[in-house]
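Labels for the chains are A, B, C, D and E, by order of writing; each one numbers its residues from 1.
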Amino acid sequence: MDAILLQTLNGLDKGSAYALIALGLTLIFGTLGVVNFAHGALFMIGSFCAVTLSRLLTLSFETVDPTKTDFLGNPAKVKTPYVEAWFGPEAGGTIIDWAVPLAIIFAIPVMIAIGYAMERGLIKHFYKRPHADQILVTFGLAIVLQEVIKYFFGANPIPTPAPEVFKGSFDFGMLIGMDANAVIYPYWRMVYFFFAALIIGGVFAFLQFTTFGMVVRAGMADRETVGLLGINIDRKFTIMFGIAAAVAGLAGVMYTPINSPNYHMGMDFLVLSFVVVVVGGMGSLPGAVLAGFMLGILESFASMNAIKAIIPGIDQIIIYVVAIVILLTRPRGLMGRKGVMED
Amino acid sequence: MGILEVKGVNKRFGGLQALGDVNLSVQENTVHAIIGPNGAGKSTLLNCLVGKLIPDTGSVMFDGQSVLGRKPHEINQMGISRVFQTPEIFSDLTVMENVLIPCFAKRDGAFRMHAYESVASEKEVIERAEAMLEDVNMLDKRHMHSASMSRGDKRRLEMAMCLVQEPKLLLLDEPTAGMARADTNNTIDLLKEINEKRDITMAIIEHDMHVVFSLAERITVLAQGTPLVEDTPENIKGHPKVQEAYLGQAH
Amino acid sequence: MNVKPDFNKNANQAATAPAFLSVWDLHAYYGESYIVQGVSFNVHEGEILALLGRNGAGKTSTLRAIARLDDPMVTHGEIWLDHQHLHTMKSHEASVAGMSLVPEDRRIIAGLTVEENLQLAQIVEPVGWSLERLYELFPRLGERRKQEGVTLSGGEQQMLAIARALARDIKVLLLDEPYEGLAPVIVDEIEKTLMHIKEQGITTVIVEQNAVRALELADRAVILDTGQIVFDGTAAEVLENESLRAEYLAI
Amino acid sequence: YTNEPTGSTVTLGFNVPQTGPYADEGADELRAYQLAVEHLNGEGDGGMMNTFSSKELQGNGILGKKVEFVTGDTQTKSDAARASAKSMIEKDGAVMITGGSSSGVAIAVQGLCQEAGVIFMAGLTHSNDTTGKDKKANGFRHFFNAYMSGAALAPVLAARYGADRKAYHLTADYTWGWTQEESIASATEALGWETVEKVRTPLAATDFSSYIAPVLNSGADVLILNHYGGNMVNSLTNAVQFGLREKEVNGKNFEIVVPLYSRLMAKGAGANVKGILGSTNWHWSLQDDASKAFVKSFGTKYGFPPSQAAHTVYCQTLLYADACQRAGTFNPCGVGQALEGFEFDGLGNGPTLYRADDHQCFKDVLVVQGKENPTSEFDLLEVVEVTPAAQVTYDPDHPMFAGGQLGTCNPGA
Amino acid sequence: MLGIDKKDRNLLVVVAVLALAAPFILNPFPAGSELAQFNAGYPDLMQRFVIFGIFAIGFNILFGLTGYLSFGHAAFLGVGSYSAVWMFKLLSMNVLPAIILSVIVAGLFSLLIGFVSLRRSGIYFSILTLAFAQMSFNLAYSVLTPITNGETGLQLTLNDPRVLGSSATADGSIPVTNLFGLEMRSTYEMEVGAWLFQFNAGYYLCAFIMLAAFYLAMRIFRSPFGMMLRAIKTNQTRLNYTGLNSRPYTLAAFVISGMYAGLAGGLMASMDPLAGAERMQWTASGEVVLMTILGGAGTMLGPVLGAGFIKYFENIFSKINDSVLHGWFAFLPDGMENALVTIVHPFVGKGWHLTLGLLFMAVVIFLPGGLIEGGQRIAKMFKKKKGSSSDDDSEHSPKQAPHVAE
């Protein structure tokens, strides 16, 4: 029983990550119809916004401390972050500690700018081109972005912890009257869950309660005609791309405390996010979110020993099994719209 | 007993009764026109004949066999070809290839693994396709990319694709819409000739009364999903209800 | 090269009013094929111009070029509308400037209902007819407003395409074969509407294969052949000129 | 024999991951290779050549031939690694191949070198199989292995955490993970620990929450993470996130163990490694002369201390060169013979033996712990115990290593 | 001759000449010179060129011709490799049975996956194939280790129970793959001045098979079957209403391309008897997609070019390290040498991915039709120069449909 509750909770949390990552992709891929293999790279760049900010905040000046020696036996240099020097160790320390949440503010303009540049400079010319060309160009871009990050940050993961107050976990089981240690849950994952809900809700509302969503859908179905109706569809697409990049980036920023970011993390998530979007159904935002949570929860359950004992290796393939079953039983995924990328 | 017997066909789209108890009998080797106001259900009726839609109730018999429940390609193999309201062609292929494909379908059936033979060596088929293109005055365009043709030309191409199969029953959904007057006249002549020489039965939907009255031997008027009258062209022309609901005062 | 068009250039036009829509030496290409080959004409405010010609003459291409669509690409020429230079605009800017095109294949937007298709036209100012008024003109659309636009019947789609154009506040209406697929009674209705909006000062360019109908409606006519203008005069002149009619219009 | 050097130079092939998750490790290996080549050619300060017990190397290359090298990218994929090694052999005339950063790659390339008739000096490969069921006559391993990790760690674990412990294993679901799990489980069980559960995790997993969450519930009081690389960084981060380290189970502090450590991984996991025990092949903070000489030489050139990967590949380059020198030939069979049973000292791991039976190297193994108060960004691990070689030595026919045959050395064409 | 028209015959001849003379063409620089780094004429890489060429040719039948974008084709290649290696382990070191088995097994496997996946089209199809391939990869990496040997890859060992042949040779090593005694690795070396050319038996086997595969693909392209496949790509609805059943056509295309992939896998194992699971990973499937698009999807030669391009970068650019760079620029003054090395450094060696990514982008942006379009443009330029302005009637004649096979 607690095992089920536990895995449901875990699944929700994993699902919120999947849903959030897939959300940005749905906007570009499901809605604009651009097969964006650079989406993972956007997610990764979001993470590195957090890394960059925490690097910036810990930018230090060096003083030589004659009492200490470095690994070669020379007098050691001691680093003091400017932030600590300016605001005092206490306040400065807190600012550094809060680097990840602060990075949200930092990442939004950065990601929008990147999204804008990417759309105006590149993707714009590819709306009318075959999907294959889109794959090639975005894949090329993804590699380039990755390599640039690798050039500056290396290939190793870079730990980027959450603020001290969000570290550790709380005992969810005790809260609902279960035994101690039955169901524990890390604080940051809770934060992530609520953050995901907020972003998903926000994007959803924006598309649902404004004409923006309709215009973009129309533009994707027939750009030319929408232009004939006086709508500057290019601008709408750019905005959409900017939003999608920002969503992808924020998903990345918030993910850093969960797993240390590295330059290829985007590729690791790429396939998964495509699977989520397609299982959810092309062009459907709720579909993608639903699929994200569903796959997250099923994946959690599949990792239970009891289940692995029955079907060995099921946790390796559960996502794909589910994808196959859903796509075979529902022609357009969970909630896909007709005619979107079916040929 | 006609070659095509439609009995009691009903089709609903949600709250809309698109077809209500349609009965239609098309006699072999005749040209049968179906006319009626926009949204009367004419195209829907054709859709039910070729397997694009399945009627809710009723039966459709062709040549003594039911077409219901068969896949589009099976129905075509029975001998029904259709020209669509908006041209459906292979737009990435050349005009010639567009015509060759139905030739092969007619010759080889629904599937045949012709992976090693070369198209260029199929002289007979090519001749046939060329003859067809000649008939519709498009032979000079045979190497053209069919996507880059004007709309009227696409129409003619699609018709050629259906005619080359020499179907027993040819269904035409507004074949001359958007066609220049000269070509319309040619098309009328062509269809007439084909109907007479090759014994192809035709069911034609048209809003151009000139075409209808030049070709049709019988006319069914459909309104709101139900046949209003069925009669000879002369009688339809003078039918007051038809004039009011459809033709307008111009005719 | 860039000589400003003479707004009073049209020799056949005795009127002293400056041309409202002026197309001057337009050249346009689809990729490498040269389709519009130096087309010039003027239309006065409130006039109806019939643009006629055979299939593949370049009528659609001309209209598309004037509406500033990406294809065909205009390489040379100027387009002026009410003192605005359209030739520097993109299609959405041209639309804001008062240009509206009813495209030949209707281009109803998939995935959107009838009503959404109309709403889409009213997102950007200036907005024309209200939805109520449009439904009044085409009651059929009102009935089907919740239906997905692309599942409408052919004629209904044509109505929607025209309604969508009227939903914007326009100065010039470009109609590419607006009667295609419409029942004769509806054609009558639309003619009435066109006369009505003409009275309001809206200028119309109509491309139509049903040349007689178009000429009866139009003030002036331009005949295109292989991308060049072969005739520019009043509609009455065309109707009177046997040889012209026979050669280019087959009527 | 294959690629016999006829000119004034000899070419070695350094095949390391330059792209993919282990690229940094590969880069560090390359640095060490370059350093070794410099030292062999008599440039630089000579590094560990000065402390090495065998004094055959003269600083004039190998057998008087100047050492040159080619590099390649394994991409941490056995296919790509083999392609890269093949091009070194077929195109560049490399007479020895070395490097790699995972067992899969090492075994694949070792097989290739056996067929092609060149010597393979494995880089980072920790799986028992490399010198167990997949051992090859042309291949030699300097690195320690999973069995040794278990044997070195278990006594320390028992001493620190007591003999009455219940362990929960999370294991990367592929060959290396399995041998690691088997080794450490049997070593700890021998000391009285109980293994509560062994759970396999997919290699592609990035979030281990659903594997970690049930741990506390299972009655286990130790979590053993048989993960490496990104897997290990993530699973350890997740485990700490779930607060495992602050919990008490069965009246004892909950503990986490990472059997195979590397400094680069520790860096990736950040503060999460503090206090966590594991084993490693070598660490820069060792204070013997050889290690100090190496750190100085490497640190002066590159500005930071070398990793264990760098140390391993540096040693192997010297050892290979020395063996050629002693054998008086580059012929793989001669070199192999010179390496087989070779005993030496002065390369940072204490007295060392290259065992003839399986080409595994036997030397001291370090037990390390994540440092609580690091003084610099490199100072992440501290050595808690240097397990003497004798304690980690096993019989050549130990069941965990059974199944393969060394075969005979292949000099190639 | 051969039942193809003149243009195709010329193309075939060109490909044949290129393939047979590859050891010369790919080794333009004298061995030992600084530019020898760019030589690709050594057996392993040449084998890879043609093997991936086969893979891409087959893939193109499905993707370029039929328009179905499979993201799981690497699975068939992997299955082919495994079958071949098992054949070596159990039956004999002759490559022929191994290759035959790998084609058959891959064919059956693709029949199964194709039958299920082809019930959907567009992106849904792509994801289905991706899911099947990823499943195969994950299982091969872990649970199926007894069959696949997991992470390490399936290798030959000294105690393989080879029915026809011996477990080990007299001198105690593993026997090598051969074709009726002709060892795949046997290489004849020819020294011409400073140049060294290698003629490898395995390569020539692969090259002949590639030519056969190319010829076969050409026949398919020109056949009624090929025309139907192209028709499916443009308008499946019309095809159905024309009386053709598209399912067997797509399935046949899928299986054929799966067999091509299996053939490539079998050949890979024949050249180097190891089968690794990562051959089945999505990145491997992605690679063949990239090869095809990069070269020019739907063209005959494009995929082969694309395959060569990517493999060249992977194997040549990744090996250019700083000391090689210093070697190249050694003639310059020190300062300039170092500056140049610093500039070039990020793009080669461990930065080869970066260069590849940039080239991907450059090719799609500037050559929408892939590399093949680059070739066409060059050819056109020559033509223009030769017979200039003989036909400037870009009159009112719309463009002719491009011939599929350039």
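Criterion: a contact is a pair of C-beta atoms (placed from the backbone, for glycine too) under 8 Å apart; a residue touches a chain by one contact, two chains touch by 3 or more.
Here's who's who by UniProt: B = Methionine import ATP-binding protein MetN; E = Leucine/isoleucine/valine transporter permease subunit.
Keep in mind it's a predicted model, so treat the numbers as computed, not measured.
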item	value
Neighbouring chains common to chain A and chain B, by label	C, E
Farthest chain relative to chain B (centres taken as mean CA coordinates)	D
Chain located farthest away, centre of chain C as origin (C-alpha)	D
Geometric centre distance via CA averages, chain E-chain B, whole Å	46
Geometric centre distance via CA averages, chain D-chain A, whole Å	34
Intercentroid distance (Cα basis), chain E paired with chain A, Å	34
Rounded Å distance, chain B centre to chain C centre (Cα mean)	30
Contacts with 2+ other chains: residues of chain A	313, 316
Where chain E touches two or more other chains, by residue	138, 141-143, 353, 398-399
Chain B, residues touching no fewer than two other chains	148-149
Interface residues, chain D side, partner chain A - complex	20-24, 27, 173, 197, 199-202, 204, 206-207, 209-211, 213-214, 216-217, 230, 233-234, 237-238, 241-243, 246-247, 249, 264, 267-272, 284-285, 295-296, 299-300, 304-305, 375-376, 378-379
Complex contact set, residues of chain C against chain A	67, 69-70, 90-93, 95-96, 100-101, 103, 107, 109-112, 116, 119-121, 123-125, 164, 168
Complex interface listing, chain A residues touching chain E	35, 122, 125-126, 129-133, 135-137, 139-144, 146-148, 151, 267, 271, 274-275, 278-279, 282, 312-313, 316-317, 319-321, 323-324, 327-328, 331-333, 341-343
Chain C contact footprint on chain B (complex, rising order)	13, 16, 36-40, 42-44, 85-86, 148-153, 173-174, 177-185, 207-209, 245-251
Complex interface listing, chain E residues touching chain D	39, 42-45, 48, 138, 141-143, 145, 149-153, 155-159, 168, 171-174, 176, 185, 198, 272, 274, 276, 278-279, 314-315, 318-319, 321, 323, 349-350, 352-353
